[in-house]
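Letters A, B and C name the chains as they come in the text, with residue numbers starting at 1 for each one.
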């Protein structure tokens, strides 16, 4: 018998009134994978993420984490099971310092000493050490993104969900983020929603394309991005190699 | 730099605390001391709301419920028992318990701010009507008559634990209250510095993010609310002991609004502000009430409108940013 | 039979007077999201305007139906212009400022008119139903409540201004972008709400009397009712007023008046627990 995938959704559905945002999605990610989700705006990617974290209660279907059903569990309970998310617009504790923000994310690290160590480690990785005592609310946008990535990392999650990790970043920052995400992928399972196709090609093992709440295509990055149907719905026109 | 500032803050707190506890009782007249005791009792109540609202982010309009329940519990228990230790503890535990039950009711279903405010206000008024309707000899608990709108008179004072005849009144009650105030202030400060305290503030800052990091917002808020209830209960106990009297007015709309105003005047999100705001407002009201220069309501009302229009964030944060502005101006001038 | 009729009338009257107490707040809180803690004092001012004008020899009906709404409407205009507008929707600041205003108005009334109760005897006399006598004024209160609500519905539903108000409630930015003068709209909505409160204060004055502190007895009930009504202010408030008015009056009949007051509050709490977004948060979403 094969091992259960790290994350699996079975006919996952979310409706808002008459609008079906997610329509019977069957999706699986194995441990150690780095998967990118792409798709036009309104394809249901963020809604899909929110169903995974428990922020939305699915209308139907199942979410399974390592084979265990977590559908409709409370957000904090799912987070404790090791699902961590970087939201589309960085969600931080603006009135607390950068170091306090990170420290709050280290609850799994153990005792006070271990938490302090973990906090310093994360501050170093994200290059925020020199801003440790600054209020998170005063950080510029790029650094907010990094801080939130730091919060996600600090929990050593089994599954990382990254919702547009490079949104609003400069070319250089994107490249640095791609590097970071790749190094994270060595010992984490990651699902990233991303619009920046260059980023996707830099990092992804496999790509899943969402369209109108359903999965349109799935497979290795190059093959999927070359698919004609994908180009039609997503790019709207023949190949554009850069941002959309 | 930070380190020095923190030390300075601590030193200032200790200085103010010891002045309150040691110096004032030595120099003030007994009548002034009696009046000051009430201010400090109210300051403890103000701290409870500053904690629940300013740090826990819970917009509670019925903090008076826990205050009043503390007062009534103490009054009823001490009249029956004749010794104040158990009543004092009960006066803290019962409100904390009620806050726990109410909190379960409020936080397990996502209820928005305004609704929570109205529900807590409604609970306060329920107590107001019920205690008000308790006139007559039918309404008694043990030997304590509830007395309707007349309240419960002749509530025995607090005594040294185990010695019912050694009562704590006037100057002694002042010292006891000042110590309690300092303890509550220090306790809440300490609590805020712990990891639990950071989680509390984190939830106020961004509830969703806290959940996504695995913190159970509901249970944390429940704890915050119960702690606030306990502190308010303590204040209520001291109030009943101070005036040897408690009446339904502690549950009234006017009183509960007053608590909110103390906190807002001092500035939401500070503990010291609540204490200062409370003392200032109460002192102003007392002075107006005594001198009859003008109608208390008239002057206070106008003052609040002006305050809101021109010093929106409350005294402490306002002064702080004013000082910071001055400091940077001085620095750039040098 | 007579008894049932009288009980029914009392129930209707309870619902109607609660609706009257709430209607101005429904407009101000429901449509503008302004928490006006001085709502009770607006009613008080309306009551005084009526009692004083009538006392000065003015026609009773002019005093009640014209003078009181006009005075409180003007008060509302000033309050909106010099206080509310400058707070820009900051809820906490609004609570503090209007609470201050409430104290100020109480203090002003007490300073000028004194802390004693004033009143006007209810007009119309009484009629006899079997062995019960009931004030004809009761019918008048019910009629005024019904007419006010119907007129407000009609205005919101069919007039151009009503359309604008509804639009601005839904999406103020969009309404402004479409060329509506939202500032004037907010101001006139506030004045309308104030005038309605003035009317309610005047209509209820012959039964309740007026004194500077009477506002406190109205304000909490009004807030609880309007908030329990939920997102669609008018329908919600009407339904909530009917439900709460009925409950408290029925409970008061079965037991004592204080039980009625408590019953109202308990029903409100349970209701908000079951329907955390109010009555119209779940049902009647398309209503006004």
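Quick notes on this one:
We take it that a residue touches a chain if its C-beta (ideal position, glycine included) is under 8 Å from a C-beta of that chain, and two chains touch if they have at least 3 such contacts.
Everything quoted here is computed from the prediction, not taken from an experiment.
Taken as a graph of touching chains, this assembly forms an open line, each chain in contact only with its neighbours along the path.
Summarising the inter-chain layout, the chain whose CA centre lies farthest from the centre of chain C is A.
Between chain A and chain B, the centres computed from C-alpha atoms are 44 Å apart. Averaged C-alpha coordinates give centres for chain A and chain C that are 50 Å from one another.
Centre-to-centre separation between chain B and chain C, using Cα means, comes to 32 Å. Residue positions of chain B in touch with at least two other chains are not found.
Residues 53, 55, 74-77, 79-80, 84-85, 87, 91-96, 100, 103-105, 107-108, 112, 115, 133, 151, 155 of chain A are the ones that touch chain B when the two sit in their complex. Taken together, the chain C residues at the contact with chain B in this complex read 35, 37, 83, 86-87, 90-93, 95-97, 99-108, 110-111, 216, 219-220, 223-224, 227, 256, 258-259, 261-262, 265-266, 268-269, 272-273, 276-278. Residue ranges on chain B touching chain C, taken from their complex, read 105, 109-115, 118-119, 121-123, 125-126, 129-130, 132-133, 252-254, 257, 260-261, 264, 268, 294-305, 307-309, 312. Put simply, chain B touches chain A in their complex at residues 2, 195, 198-199, 201-202, 204-206, 208-217.
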